[in-house]
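Next up, some structures in structure tokens.
Shared between the two complexes below is chain A, which pairs with chain B and chain C, respectively.
Let's look at the complex of A and B:
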């Protein structure tokens, strides 16, 4: 199979579940313990696309949570082929953070494939993001999912979708 | 001052021990050219020249190597934490990895505390907001409960007042009936006194009946048991009836009475005649009752599909504060001297609302009172209007040409005797039956001018008998005279409905009207 390796960055406010999403995707595990990320964590996972006859290896940069990037975080993003934006559905303000981070990325590095994960869907009683709000932001991002790193709901689907988008972009010479 | 070599050497040893630097040189294709230092701690041991370093060191994927760069705190897949320096040099690039575990651990611990505090703060905010919402909901619920409690207390107080008042209201006519009956029965009472006693007993019994009817009506409306029974009828006929009924009562008190229908009022409308009649009796009855001098006026207009019936009087008027109360059950807003259940306006308001209409009241103390009822009604015949002023015609009623016959179906012999007495006196021929099935046969055989039917009688029963008669082609009036309570649907089987005890005078007047 033709190999393709891409750097993708996971970004979002603190404690939205970025590391948990990556852990669910890479190892299919989930930990209830909250351990804040400092700097960046690197992980890799290969996804097979048999219909395309290729394997896509994602080098995932799980960037420390922030509502606004500083110089250190901006350096981490350099050379990324795609972005996984993560917000917390039980904290509507984290969607605002996503909008700010998205804007900073666009200004610094231009448009790139991205998916939005509104995470913690398992905590439905505390859910703060109305369907209208979700639909509005989903329209802007194009690919948005209500995910749960805890149950695994839609995590694989979202990141696999990003891998497809990167392949599409790569084929178009993006 | 230059540092002495001994100090420099010491610091170098310290740095090398602390940072454990590992340095490798790669070409423009990320292939290893050379390396220096310990590599086992960062998971890069065993790398050989010419290997693509993006394989063992995936963090190099996508990384431009054309500029000096520094990346702090990179946690590698093997969990080593490094600070990476990228230093390009003539198409090649030096990559220096320094062990950053200790500094990372220190920052992580602080960052963890800060983030946990921020999360806790956020949760507290949420909890406080929820508590605020809960408190608001509780305050709202309490206020609603208070409102319901006050309303329940008010209703309870009204009911208590009503019972006390009813006790008085019922006892007064009952006392008259008992006392005058005793007087009439005593030996030595003159025939004149007996006649007066009977008149008083009759008046008191009628008063009692009206009290009971008002209470029962109110209870039916309370229970939502009243349904409208709409049909086409002549509105002017109804207004004429009202005038004929009220003008003598007004005249008895020395009051003038006038009634007018606007030319725009349709001749025939589609509405519940019985309920509209009840509303007008309530309003006109009140107006006559409360007015001491002057007069009472009834007017009807029609505009935009709405019939507006207005009753004005020159009575004492109602103060602003009493105007809302008079529509509440058991309230009597115009003083204490008047009699009645205090339900008339409540029933009126409820009936008008049932008809999807409104009641308006315009009054000032000492300036009389005007009550208007606005009811949406359909004109049954477009353009067919009447400009005839409605006027009372006391004494103008004519006796029907004889011989006219009435079939009475009732299993109560006393009632048959009583009705016979009145009808005979008015010149009617009578056919009697105590069984409804037999009454059907007799009606079809003798074709009387009117059938007077009890409902709870042997045979098929009065309601079924009336329907069978209609099916068999009997088209003359069938009047119900019964103690039973009938639904609106059952009432529709009859031309008119009288509930026992009924005034024989009224019954006779209606029979005369229907047979002429």
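Let's look at the complex of A and C:
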């Protein structure tokens, strides 16, 4: 199997569940405790694509939550092959933040594969993002998921999808 | 124009024009030049793409051009090169200086140690400069791992390590190192040109060498020599030379950078070991000497301070063992002591006590407050002070009882008995072993008065002179009894009447009785207590009846008796 390694960055507003999503994906654990990420946290995980005959190792940079990137965050994003955008379904404002961050990335580093995770799906009753809103942004992003780091719903699917998108992008580009 | 020309014109009109124009172009230099100028860049480009011949053919002429240019117009070249040369020279000088200073450090460190001397000898035998030899011997380090990291995205290009060294997820390590680089650069370098070049972690040193597209990070065990950085830079340069573009475009597919591992593994060859079978060289001799001096000084001050504190303990013990002294605290500053506490005026002097443990008075400050001690020794001393006993008397106190033993005049004993209870802390007196020193003298006085006889002419009429003698005797006796009482003795006085043997025995007995009573009466009138006078049994003699005048008398016998103890 051909190995491929990619840098992906997890971005989004504070406390939307970026670290939780990565933890669910990498170790299949969840913690209610909120330990805000300072700077950046790095994890890796290999995904097998038997049909493509390859393993894809993601080096995941879990960047501290922010509504708008500063110089330091921008430096962390440099060279990323893909982005995991995370918003919090119980706070519509976090979707606005995603749009802002997306724009900043586009301006600084150009287009790159990305998936949007509107997280905390298990808190459906407190949900602030209407289906219309979700659908609208999903069409814009192409790949959007309602996920829950707590139950694990769609987390794997979303990130695996990003891994595929990166491979696609690579093949087209290279 | 002739026919032939006309024919030519007809047949090749168009071609001829072209031919003319071509020949004109070939013949006219300016046009030829313009043509070549037109295609030259393209041609060079193509030729260069095709093979290396162009470079080869240009190398020499271009080289010569440059040489000529340098010779003819050095200023222009100097100006042009200045921005490049300046930093390059500075860098080179700094590098050399760093290496040099490290060499000096080590050379100095090893020049006088035993190890250094040994190396000096070995170096001279091997014909190597000492500095070089030291460098060879002292660099104990090993490059344990090397990471080649893309500067663009922090992805690990390759990673090599010694069999023995432990490896974590090298992709994560590589990313984290890049993140730290970014962090350092963003946080501490205002112009964002700064970068993390080394980090120390216990026995490991992390060195990062930066290339245009890749970062070489080496994990080094021990202390690497500064020159290692140049070696690592050379490796990174080689890697850039071979794979520079591939690394720039690296997106995580290692197959795009084949065999980079071979290059990277060269990093692991850097190591320096201690000579086998040799132990680590000891610290330099100056340091050993300095340490010894320090130890000696510490020992000296330590021992002195220990001695003083021993003295302080002794002084404390001695003072506490001294009756009548109560020490609250002893302070020591250097060799001097300050003693504070309470002292009975009758107790030994603090200075004397200190002298007994070899602390002279000039090292002593005494600040004692007076108090009355009830310690037995002090009570005894106070009793002695109060009663002024004769030398032969011993006074001691046990519990609350005052024991007095030895020999003393009875008078003294009486004072003692009447006043001992004034002494605070004493409520009983034991004089069972106290004897009177004046008893002998007294019994002599008793003896001298004893057996005194007074004679009668007849009946109870005394012979001439004896009436006066009896009165005198009575007053002497009165004095004696008086003295006896005051000295604590009692004296028994017996009056015994006697008659001659003429006449009726019963009458004689009655007469003897009357004579005793008569004499006792005389004594009584002189104040001698009558109770002390006893009638003696009549001296009944069964011999022949004689008118023996010498038998008509009364005799006083005195007996010295001890008085009972007062309560």
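Quick note on the criterion: the second predicted complex is superposed on the first by the 173 of 174 C-alpha atoms of A that agree within 3 Å, B and C clash if a C-alpha of one lies under 4 Å from a C-alpha of the other, contacts with A are read in each partner's own complex, and residues count from 1 in each chain.
Here, contacts are C-beta pairs under 8 Å (C-beta built on N, C-alpha and C of every residue); 3 or more make two chains touch, one makes a residue touch a chain.
A quick note: this is a predicted structure, and the numbers were derived from the prediction, not measured.
Following the overlay on chain A, a clash is recorded for the pair chain B and chain C. Of the two partner chains placed by the overlay, chain B and chain C both lie in contact with A:79.
Of the two partner chains, chain B and chain C are each touched by A:59. Touch criterion met: A:34 reaches chain B, while chain C stays clear of it. In the superposition on chain A, A:5 contacts both chain B and chain C. When both complexes are overlaid on chain A, the residue A:91 reaches chain B alone and has no touch with chain C.
In the superposition on chain A, A:42 contacts both chain B and chain C.
When the two structures are aligned on the shared chain, A:15 is found in touch with chain B, with no touch to chain C.
Clashing C-alpha atoms between chain B and chain C turn up only in stretch 80-88, chosen from 80-88, 116-124 or 242-250, once the structures are aligned on chain A. Shared interface residues of chain A, touching chain B in one complex and chain C in the other, are 5-7, 39-40, 42-44, 59, 61, 72, 75-76, 78-81. Only residues 5-7, 14-15, 34-44, 59, 61, 64-65, 72, 75-76, 78-81, 91, 126 of chain A touch chain B when the two sit together in their complex.
Considering their complex, residues 150, 152-156, 169, 171-172, 174-176, 179, 182-183, 185-187, 251-255 of chain C touch chain A.
In the complex of the two chains, the chain A residues touching chain C come out as 2-7, 39-40, 42-44, 57, 59, 61, 71-72, 75-76, 78-81, 170, 174.
On the chain B side of its complex with chain A, the touching residues are 54, 58-59, 61-64, 69-77, 81, 104, 107-108, 111-112, 115-116, 118-119, 122, 126.
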